[in-house]
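Report on the structure given below.
Letters A, B, C and D name the chains as they come in the text, with residue numbers starting at 1 for each one.
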Amino acid sequence: GSSDDSSDDGGALTMAIVAPSASDDLAFSQSMVDSVNALDREITLSITDGTFIVEEAAAAIRGYAEDGIDVVIAHGTQFGASLAEIAPDFPDTTFVWGTATDTQGLGNVFAYSPASDEGGYVNGVVAAAVSESGKIGVVGPVEAGDAVPYINGFTTAAEAGGAQVSVTYTGSFGDVALAAEAAQAHLANDADVLTGTAQMVVGAVGVAADAGVPWFGTQSNQTSLAPDLVIASQVYHWEVVLEEMLDLRDSGTKGGKAFEINLANGGLVIEFNDGYDLSDDVRASADAAIAGIIDGSVNTGA
Amino acid sequence: MGDFFTTSVLVATAASAVRLATPYLLAALGETIGQRSGVLNLGVDGVMMLSAFFAYWTVLETGNMWLGVLVALLVGLMMGVLYGVITVFFEATQGISGIGIFIFGLGFSDLLFRQQVGTPKPIRRLPNIDIPLLSDIPYIGEPLFQRNLMTYAAFALVPVTMIVLNKTTFGLNIRSVGENPQAADSLGVSVERTRFSAIMIGNAFAGLAGAALVLQLGIFQPHLTQGMGFIAVALVYFGAWKPLGVMGGALLFGLVNAVVLQWKALGIIPVSISDLAGMAPAVVTIIALVLLARRVNAPAALTKPFVRS
Amino acid sequence: MTDTNNNLLEMRGVTKRFPGVVANNNIDLDVRYGEVHTLLGENGAGKSTLVKILFGLYQADEGEILLRGNPIDIDSPSAAIDSRVGMIHQHFMLVPTLTVCENVALGVPSDRRPFTDLENVATRISDISNEHGLAVDPWVKVEHLSVGERQRVEIIKALYRDAELLVLDEPTAVLTPKEVEDLFVILRRMADSGKGLIFISHKLREVMSLSDRITVLRDGEVVGETTPSETNRQELAQMMVGRDVRLTPDLPESKLGAKRLELSDLTVIGDNETVAVNKVSFDIHAGEILGIAGVSGNGQRELAEAIAGLREIEPGSSIELDNSDVTLCSTHERREKGLGFIPEERIPDGAIPDFTVSENLVLVNHGDENFTKRGLFSFDSIRSHNVELVSDFDVKTPSIETPTSSLSGGNIQKVILARELSAKPTFLLACQPTRGVDIGAAEYIHNRLIEQRDIGTATLLISEDLDEVIGLSDRIAVMYEGEIISIVSGEDAERNKIGLLMAGVTD
Amino acid sequence: MINKLLGGLVPFIAALAAFACGAIMLVALGANPFVGLEAIFDGAFGSGDRIAVTAVRATPLILVGAGITIAFRTNVINIGGESQIIAGALLATVTALALPDLPAVVLIPLIIVAGAVGGGILGAIPGALKAYASVNEILSTIMLNLMMVQFMNYLLRGPLIDPYELQAGTRIPQTQRLSDNAALPSLAGDTRLHLGVLIAVLAAGVAYVILWRTPIGFRLRAVGHSPKAARAAGINVKRNITLALTISGSLAGIAGAILVFGSEGQRMVTDGSATGFTSSAGFNGIVAALFGGLHPLWTVPSAFLFGALLTGATQLQRVLQVPSSLAVAMNGLIVIFVISSSRVRSWLDKTLSDSKLFNKQDDADSSHEEMSQTNG
């Protein structure tokens, strides 16, 4: 596709995503691409992915704005500082930035964030219930972004369920080998349920699959990585809040508002894997947790 | 700390060390052969990435792991031809052409992955194969003799490399062109042919390293190696250009990595200093080298293109 | 014997050009079975070029080569080896980290392919050793061998390949007199067994004693052919250089001045952790040349390095320059205190081949005030200084910006000499100052050293050329196993007596 | 004359060949290669702003490259650019955090010096290890690269993290916004062209002067060509080896400072990977230096070329939706082709002059011999 025809009058809305990892990473970046594609509008989309270097992302964001793209999604918390410099230069462009809980006071920036602790909590409830050894391993990338609330929510629920949770941050979003080995380390410590977040967990899922240990996913539906062993994935449906932003934009508001996706507004969905035979009462406790979170009776601890 | 010194955890850590060491060992052994012939190849990381991708893709398409290994080997050989032409026939500066190969491998493997695969799909991982009797030995049986075939191959290649280097005429030629190509040339040893073959073998090993890595992981991602190839080059220096030394270096590096991960999992290393702990493998490697204080000399002709004069 | 059929080798009308020089111009050379044929000529006369063509390292531009009467095309060293031509190069072609066996086996197909067959090789080496008197342990690494032993390995390599024509390019340049003697016995025996030898050397004494025939080259052309019985050293020297040459310098009466160098109890540990220099004490005064005679390997190298500050010395030793203790000083500081140093090896110690002549001329004193202005080089003053030096010291070079590597050995030596003497040293440490240098240049260097002595420099001359030591020294110290076992005055020195002392015979 | 011309063209032909390969890849990806190459060119030079961005991208390459020329000329291989960049950036960042209120005229020189010191330390360590403990510098610099990334991650996630990140719970590994007094001022109006670019070019000039016009550089080069001869001449070889890596590291360290204080966000930020902060400038700088023939001044245009490729690649992805890894692959190909071309050039020189096509006729015979020798 091409985004050259970025004229405002008539035609499709032009949107662009600048994302740190590959757009089909089964994780963070893919969640946004899938969401934009799920929008119920005619959209011309352009993607610049793999821009884990912040300065490179900044150049891409600026480039899209210069090209006259209507909505530029800066899909990475770390792009915020650059966005603060760029957004004021392009008042007619709407920038969408996340994950972030505020817009840095910028009038043409919408912010979005996932309440990833909610899905973490639900996953944790199920994890504690299926664990026999009572030990659960978590493989995290670096202690940042939505990984932290996810892991916190997960830990809260799992520990409430009587399990012992051990968290390893490998120190890298990209090091698949290290993530795999971190999962092995958990297994060596008798963990019999694993979860993890960020794109490097694909390595850890493989280890879980080989060991026959259940896995919980987040960000995207990771069932395809281990069709027999992924119990559930917390999936981000950004389209819920993107739709709202675009409506606001249509009505003349270019930004200035922060959105959250959560279980209540349908932006977060726990997708259970039909291929995994989860007992009905465990499934029921998960549904109870979801309901509790939605009505506010459950505290995820994040 | 007590949790760490239990048999099962120690054994698991040792097993993890051996697993982590496997790709390093393969790549570093190959680099050793190349360097002994006087050719520095800084492009190992690039070759590993390309071969890892092709191995992955082959397995993804055919489901045949050994075909994947074969393809990785061929990719390694092809990169060897490329590198050989550049450094031996075009007499290009080795340091930079190696970096060229690295950058090419980095970009091209990423590009191919995006085009041909995109979303990471898991492939079968190498199964562990127990060696009868040996695998039942307490403590060392599991880490050493319940491993996958690529690991066995890597460690088996250590004595093979030693024999080739030290006991065969080909090895004699390799060592002589690495030390004094003029002398070898004056005796009718073809410096070009010897170096070219050494490069081919070295790159083939790097190809196997890529295959071992990806088949142990069962998944591919852009920049899968995360600089492993460079560490492999460093391990050649650490091992003083000797296969056994290189093996020691790879195991040490793997072990420190494994211990750190294990300690993180056990909470011995708190999350707040998890990054500092990540420095450990490199620190230990340097300290070990300073303490050993070996004054070993590199092959005298290393990095020097041969020009008959 | 003049029958062409007796010629093992004939080179006819061989011409080889390099950019800017004709290294060989229409050269004819023949070598008979069973003779030692010497090539003689100044540095750069084209000797090495000619034999490299024979060994396939260069290709002649014109001319032809006949071996055993048949024209032959030698396009690579392996072709030469196949034609049973062997070569001992000016610089050893050995792999130091390999054993003797491995060095010999290199490039020869093994019977146990793909494995090497070193036991067999060792047996054959022993056979060759016995037959030709070339004692060497096949299992030791070459890096642990002395220079003489390495030479033997080179000869064994050639014999192992069944060489019938053996080329030796300056084989004696790095040998001790004793080693030269041994080598000549071996070479003679080889010639007597019917092989043909081409021998290159600058040392006329050796040439006279070994050769059957002598061909003299000058500027790439043959200027004459003779035999030792028809000529003498003086005449040979003249043929080579084209003018009269003084073979032994005139040494005028010395005027002794103040003490410049004093060594007390100097003890130095060598590379192999043994005592290389043992409690050596002597002093040298201004206007004096002290020569060290000794078979190489008796501590001369370590002595020189210790004095130059390149090697640590043991506690209790001391070195004084001009009455100030320099024991703890770096080389740089010693040089600032008046040390001049001509290292034993031109390359790699004395000069940097990749540097220009100009850069090598200021290698030591590039930081001098008159060469820099506010921290930056002032190239004008450097250039004028160097132009002067090049003309003073008669360095043959196209320009001072020429890379030093393209100069002949003798001229590189002159560059080093010019550099070291221009700093006006009060004490000069001269190691092997004329090694590998032709007799014309050697004469020049000797005169320079004497000139320096006469203006008050104290000189320590370390040389393996006994003629040089005897001819130049006011006093001669004989070094044996790390100790100075005798110091005799230059006038009393007798070649034979010093030869005995060098062998450790003191009575 | 014609030989010279042809010879000089060879690197360009090599670069063109690499671009041709890039075009083939574009076709394979189903994109129009001409549009693609145009996008690269447009992205790199399309407007004043873009040229400025290209120059900014080239800046760390110039600095690292200039340092590489010094190290390589001393015959030490510095693969530690990455760690030196990081160290320089960290020390400069800490300086700006500690003294935010100093006026720009004081603070900017100070952060540059801090960068130089930080990088210098990371150069001095492998230098001293090589000189005094015989630890090979390839090994130590590679290991230091690994270590510094982790150390940076530790600092940016712990002691140096923006307090706001902790408060908000987002925990991006980044510092707070650094003092505006330390921001590198723009050189040309609104463009990104900032003082750092000028500093880099000046630094390349200084490297040139050091190497070729001063006794310091003379000694470094002497040590590089022949440590033995240098030692005998009284030059302290160990100290000079350490010095070479220190200078080289300092220049990389300055690049680190410039990466922080010339950035859009005016803060130090990473993603936790090795290249997240440096953009691999520690490696690409080596390429730029060698591409420039290890001459500090030629490093400048050479770095600019690679900078252009990097900026152009971003545009390529935007316009054609082709992964930017294509540009990375092309980058590698350019290095490979150009590095191989010097041999081709000398071969060309030789065959052309031997064949005397442009000289006298009567020597034609001998030329055939020579040609076949060169080939064989």
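In the analysis below, a contact is a pair of C-beta atoms (placed from the backbone, for glycine too) under 8 Å apart; a residue touches a chain by one contact, two chains touch by 3 or more.
Please read these numbers as outputs of a predicted model, since none were measured by experiment.
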item: Chain-chain pair with the highest tally of contacting C-beta pairs; value: B-D
item: Chain whose Cα centroid lies at the greatest distance from that of chain B; value: C
item: Centre-of-Cα separation between chain C and chain A, whole angstrom; value: 76
item: Whole-Å gap between the CA centroids of chain B and chain D; value: 27
item: Rounded Å distance, chain A centre to chain B centre (Cα mean); value: 35
item: Euclidean distance of C-alpha centroids - chain B vs chain C, Å; value: 46
item: Numbers and ranges of chain A residues touching at least 2 other chains; value: 50, 143, 171-172, 174
item: Chain D: positions in contact with at least two other chains; value: 150, 153, 157, 273, 323, 325
item: Shared interface positions of chain C, touching two or more other chains; value: none
item: Touch relationships between chains, expressed as pairs; value: A-B, A-D, B-C, B-D, C-D
item: Chain D contact footprint on chain A (complex, rising order); value: 1-4, 16, 20, 46-56, 58-60, 62-64, 66-67, 77-78, 80-82, 84-86, 99-102, 141-145, 148-149, 171-174, 302
item: Touching residues (chain side chain C, partner chain B) in the complex; value: 55, 57, 76-78, 81-82, 87, 89, 92-98, 102-103, 105-110, 113-116, 157
item: Residues on chain C engaged by chain D in the complex (per definition of touch); value: 59, 61, 75, 308-310, 330-335, 341, 343, 347-355, 359, 363-364, 366-367, 372, 375-377
item: Contacting residues of chain A [partner chain B, same complex]; value: 22, 24-26, 30, 50, 137, 143, 166-172, 174-178, 180-182, 184-189, 199-200, 202-203, 205-206, 209-210, 224-226
item: Partner chain C, residues of chain B touching it in the complex; value: 167-173, 175-176, 179-180, 182-189, 300, 308
